[in-house]
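Just so it is clear, A, B, C, D, E and F label the chains in written order, and each chain counts residues from 1 on its own.
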Amino acid sequence: MSETPPFPLRLPPLLVERAVSAALEEDLGLAGDVTTDAIIPADAKSEAAIVARQAGVVAGLDLAEAAFRALDPATRFTRIVDDGGKVAEGGTIAEISAKTRALLTGERTALNFLGRLSGIATLTAAFVAAVEGTGARIACTRKTTPGLRALEKYAVRTGGGVNHRFGLYDAVLVKDNHIAAAGGLANALRSLRARSGHLVRIEVEVDTLDQLEEALRFPIDAVLLDNMDVGTLKKAVKLVAGRVVTEASGGVALETVREIASTGVEVISVGALTHSPRNLDSSLEWEA
Amino acid sequence: MSETPPFPLRLPPLLVERAVSAALEEDLGLAGDVTTDAIIPADAKSEAAIVARQAGVVAGLDLAEAAFRALDPATRFTRIVDDGGKVAEGGTIAEISAKTRALLTGERTALNFLGRLSGIATLTAAFVAAVEGTGARIACTRKTTPGLRALEKYAVRTGGGVNHRFGLYDAVLVKDNHIAAAGGLANALRSLRARSGHLVRIEVEVDTLDQLEEALRFPIDAVLLDNMDVGTLKKAVKLVAGRVVTEASGGVALETVREIASTGVEVISVGALTHSPRNLDSSLEWEA
Amino acid sequence: MSETPPFPLRLPPLLVERAVSAALEEDLGLAGDVTTDAIIPADAKSEAAIVARQAGVVAGLDLAEAAFRALDPATRFTRIVDDGGKVAEGGTIAEISAKTRALLTGERTALNFLGRLSGIATLTAAFVAAVEGTGARIACTRKTTPGLRALEKYAVRTGGGVNHRFGLYDAVLVKDNHIAAAGGLANALRSLRARSGHLVRIEVEVDTLDQLEEALRFPIDAVLLDNMDVGTLKKAVKLVAGRVVTEASGGVALETVREIASTGVEVISVGALTHSPRNLDSSLEWEA
Amino acid sequence: MSETPPFPLRLPPLLVERAVSAALEEDLGLAGDVTTDAIIPADAKSEAAIVARQAGVVAGLDLAEAAFRALDPATRFTRIVDDGGKVAEGGTIAEISAKTRALLTGERTALNFLGRLSGIATLTAAFVAAVEGTGARIACTRKTTPGLRALEKYAVRTGGGVNHRFGLYDAVLVKDNHIAAAGGLANALRSLRARSGHLVRIEVEVDTLDQLEEALRFPIDAVLLDNMDVGTLKKAVKLVAGRVVTEASGGVALETVREIASTGVEVISVGALTHSPRNLDSSLEWEA
Amino acid sequence: MSETPPFPLRLPPLLVERAVSAALEEDLGLAGDVTTDAIIPADAKSEAAIVARQAGVVAGLDLAEAAFRALDPATRFTRIVDDGGKVAEGGTIAEISAKTRALLTGERTALNFLGRLSGIATLTAAFVAAVEGTGARIACTRKTTPGLRALEKYAVRTGGGVNHRFGLYDAVLVKDNHIAAAGGLANALRSLRARSGHLVRIEVEVDTLDQLEEALRFPIDAVLLDNMDVGTLKKAVKLVAGRVVTEASGGVALETVREIASTGVEVISVGALTHSPRNLDSSLEWEA
Amino acid sequence: MSETPPFPLRLPPLLVERAVSAALEEDLGLAGDVTTDAIIPADAKSEAAIVARQAGVVAGLDLAEAAFRALDPATRFTRIVDDGGKVAEGGTIAEISAKTRALLTGERTALNFLGRLSGIATLTAAFVAAVEGTGARIACTRKTTPGLRALEKYAVRTGGGVNHRFGLYDAVLVKDNHIAAAGGLANALRSLRARSGHLVRIEVEVDTLDQLEEALRFPIDAVLLDNMDVGTLKKAVKLVAGRVVTEASGGVALETVREIASTGVEVISVGALTHSPRNLDSSLEWEA
């Protein structure tokens, strides 16, 4: 039993190609697949299916497909569940027809991408489900695996979450140490306004309601309410009164996220989505 | 309370440099750290410490240090606990003195590397501790994060584990599909012996004791006993009788690993070490 | 007569290194500087100065310095005018002491970077001066030289301008064709809001006051008033009444920019800053 | 009204692919085209035309085509005017049929390449036209945009000019400082002859007729007559009397180039061709 | 007269693509093939054949084919003798139909790869033939051309030899200096066993029979008998008595290899296979 | 007994760094030197010398030094014979003091570069010596190892030879097939002159005296006299009478080169210099 959404997201093709080709190089080295190349005739063909060993949300099929296609351009890769769709335990995600060598050699690379991205999408979907109806959105952070940020942020979107900034370059987030170094928030924001274009949003991190009041005196776009308990969060949301976007952050868990959402914050950011997901377990099952 | 082993392992410097520089590019993009660069004077200096929020085994300090050093070559980075050492909750891992900009801009990259590798080392150390005294060794698999295999395999060694093959290129592992495609194990091994050099080891994966008996008729180096229950494993080890290396694999968990080790297998490989570790949580604490 | 601002901007060092090394490879090929290497002894040293042949605003000294330093790590490079500073015709920008070979081989690469970036900074400064006192800010566009966007956007900031979005990835700009394809602005914005994080700003391009009125019904951040005459711009600004950021765009010239600014628009974007600047002419003058 | 020459030049395909893919990465970053991807269905198709807003000589169509094709391999790209052809103001350069996403996402990259290269070709053609009938040839210099030298030198050829050396590696140009450091031209040439192969040409830069006379005593291939006024140039050409190639250089403008050509010099090199061209303005017009 | 084996080896396609594209860039630079591009119309087609000027064993056809295909994707490349096959003097190796430009421009790159790899395969085959019937196998070493190791090791396999380790990473070889630094072989092996996985083989280099006896006390996989004369080798093989793999190394020549093989050693490694082969001379013959 | 010339040539540092770093990656893979890293303490230091096992001309010391320095930045590398100098059998080329690990790990990479480049320099020097006094110069061809052209051409210069063109991009060489395709030499040269800059030399390959006479009717720079016997060569040189450079090519051997030189040709190009040199054998000798 599985369900695919009508308009799946897609990764930029250039990123897919680069990531897959780096992963295959890593696995093949200079000698290639010494087992397969010695045993399997170059022209043998086989059919196999990617089967989920756990239920979850699928993400990363472009990468899995590209891994096999890089090894056999004539690969046929049929998606039973597309990115963003749900797969049940034991359900088939995709059917593949390709050279036997390509299947054997590409299997681990394909499953490594699929397992990690689907793991993130599945965890994100669990958080999204937990806050359903509250209006809160689940966001990831910059706590991503080095080198895989674009893929992991895509997996978060696939699971129904939204992305926080991609890096230090595409939005401003002012923290304690910035404020201290600038000699106060007013100074920090003055410098920022002088140097930032009109399409850059500015968010300020606050730890207390006092800091929040201070921040709200300035023309900012969002506040990051860091590590506040639920009672304080409620007061913070009330204080903001819709003037800027509110984001809660810090130690959010699946068990606590709904209560946090019930405070009325608009965005809840969860580092664990990308730093500690469990891989979605899947395997390549060969046709008898 | 922390403890550092006398001869820490080291990552090859070229790998460190390449990984860190890719991670910084990913985080800085073309515009750089738009918050920090607008607010913090270029010459301001600060001191900070990397502090563990959980107890664990440290791995990845070369990467963390390189992240700050890439942004400020004059960074002083003092290790309180080196790679392979244990850090307690709240313990200090390293002290850093550098330009304030380097600290703010490099923080996330450094902690992302340190968190992931220390998470792997910590999980590995837990498995190693669980089998202490049995003689069994804990090994990782090829279920690694694409692009980070060298770093993750290093983290496994740092945690006291050993590495399985690095890729498809550095050892032979014959699986069901190879045997089927070759028309039997005899054929498969004949092809392999003809094409493999004398420094390549050959391991054969078996699912049953019958397959194991078949495999032991040939001059192989190791058998991978896949998904066998403990009773079958014991029989397998007895059957092998020290003639080849024995490896148990498949769904190994921290709760079950000691019982598996008690069967006498020499190597137990655990995919979860690298595909689903939890990051070791740490933070950068600034000096008041 | 020249003037340096107190806190010069800086390019990210990784970008400087990569750009300079690509440029030197382009100029040196596989054979190197066949003239210099055959004639000049490896250890000869010289002193020279970079002198402006025209007045202008300096930008790109990090690149110029890195070009010489890549060829002679012991290069001494003293800035008389730093990035963002004004240099008069005939004024000295920097003094250099290095191996003669490094000076001869690096000269063109250094001056090519410096000439282009200073040309952009100088043109930007002219636009900024033209609107002085009106409150309008001068912005660049994505009409940059392929491969040099980060450097050229930096030069715009150095000249006193601000940056529009860096690429298609860091802000939303909805144009006619997007609206048509989505079946109306409402649909387009609904899709965007569903998929964009809370730190992404949304700007909508409008050609007429009717379109502007339509756009202002939605929660957007900015409007790009495209190719409107001054009379229409005035009406547009009045209509917006400070609710969103206003940007004027389209065929802006140095002669017309002040009149445009006088309409009250907050941002004026000028493609010519980066697509058709004149290089700032400078030369390397050798000490007698 | 436009005219295409019978045998258009072509850029090496490997350079086209690399340049376009770098430019697309620069514009797409890790998140891709966040506007288009959220609004436009993946399979929507559209037709559009590249239309010139100014008259000029076209150059760079391979790059423009490759930009769209990288985003949609099934792109149909029909050239109405090929590289080297003239397009009138308002004339159509090419017609494109592709996925709507590819058109929207690739537009700026395609036009940035086309605008810069056509700008150079157009300016070159103007210089070539100005010297028509005199026998002089128009050459570019090494004052090119870092990273784009191959593309810009191609644009010069497309506009009817010829290329000076590509870099420091493919021909010898002896300047004042070389001669001074070598202790005279005789020494410099002796070193050069000892180390240069028989397919490397040697040109010597001279500022005065005395230096020219000195240079002509040696077996060189060409002289660069630097910054000489027209009267001096005439005398220089007469002095050379066809023994070596003569090149005039230094501050050549469209207004002065014909007079310079009338002196009989064979080559006139013009830095402005590549360092300060105006982009040829063009736009993507969508079919109603 | 030529002969092709039934199952030719193949290089990993990613390696082929990268090697060929680097070689073409090296030969084409930024200006391309200035002779061919100026003279030959872009659409002209020709037919040609690669003809051997010497008898030998062919290796590297994937690279040769890829060189032409990179320049003309519609190239037809028909192998008369495939990799591993023997070609007689004057025999045709392959027939090619492609654009004339692709043939002229790609010729040298294709022949450079083919000549070097076939030279290695031919030399290897000569050594293999010289030991025929003795049971000894011919192995290469790490004395390969920097950057071409994978290709050269492939050529050795193609000629009937086997590969020693690919690098320092895929097997352990303990030499004198390791033993000295560790304070004896026992210590060295203890460290190795602690840190090496179960799929890494360990070989120890010995110069004398005493060292050999010492080495055989430990659980190692192979011994490298370095620079022993034939008499000593015989004693060494007898001493080993099949317990570990025996490898002879050091100054092996075609004239001496059979005598060495007759000692009963299992592997003979020959540095000259890759460090000093003679290119197999071949040429591109054009159809009249 | 060895001799170093006063002004050694140098490879461009960027090429050295890139080549060495690629070679080290090739040898170290992802796991590094598994033997050395397990056995040798990180801080142990040693001294060693590079000793020649054959007499020859040294080339490539920058690469050898860089290999050790990449592994230990504090390496002291003292050249006893510099590039271009002669070393006797058993003579010391360089003395090295570095970390023991760096010496063990870098040894093969350093010697592979040094062996190949010195082999080329030594062979070149033998050809140069063979023609001493005749006035002929020895040149290499484009028959180089893919990826190493710059290094190998440098080795030729170091041995006293000169370089032919570096690639297809830096000089024109018109061959039979070009002439045939163009419909005659006149057409071919007309196209070339129209498209080539004034610093590009044109050489024409001729097989017969008739073709030579034809070629000399045109304004070309050099003729390549291909595969002519000595008698024909003499006539060719006489026919040319100094009007253009003469180059002999085709099957030149050390035994025949002097006779060829005696015909009066100015340049003799020898493919074997780079396609089939024997490595200069050297080894790393450790201090007792």
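Simple rule for what comes next: contacts are C-beta pairs under 8 Å (C-beta built on N, C-alpha and C of every residue); 3 or more make two chains touch, one makes a residue touch a chain.
Quantities reported herein were computed from a predicted structural model and do not represent experimental measurements.
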Any chance you could name the chains that touch subunit B and subunit F both?
A, C, D, E
Is it true that over half of the residue numbers where subunit D touches subunit E are used by both copies, so same, or is it different?
different
Can you compute the centre-to-centre distance for subunit C and subunit D, using the mean CA position of each chain? Integer Å is fine.
23
So what's the Cα centroid distance for subunit A and subunit F, whole Å?
52
Could you grab the centroid distance between subunit C and subunit F? Build each centroid from C-alpha atoms only and quote it in angstrom.
44
Subunit A residues touching 2+ other chains are 26, 28-32, 37, 41, 149-150, 163, 166-167, 169-171, 195-196, 200
Subunit D-facing residues of subunit B, complex
26, 29-30
Which of the residues in subunit A come into contact with subunit C in the complex?
137, 139, 157, 162-166, 169-171, 195-201, 203, 221-222, 245, 247, 266-267
Residues of subunit E touching subunit A in the complex:
7, 9-15, 149-150, 153, 163, 166-167, 170
Interface with subunit F, subunit E side, in the complex: residues 19, 22-23, 26-41, 44, 46, 100, 103-105, 108-109, 111-113, 115-116, 119, 142-150, 166-175, 177-178, 181-182, 187-188, 191-192, 194-196, 200, 275-279, 286
Inside the complex, what are the residues of subunit E that reach subunit D?
21, 24-25, 28-32, 37, 41-42, 70-71
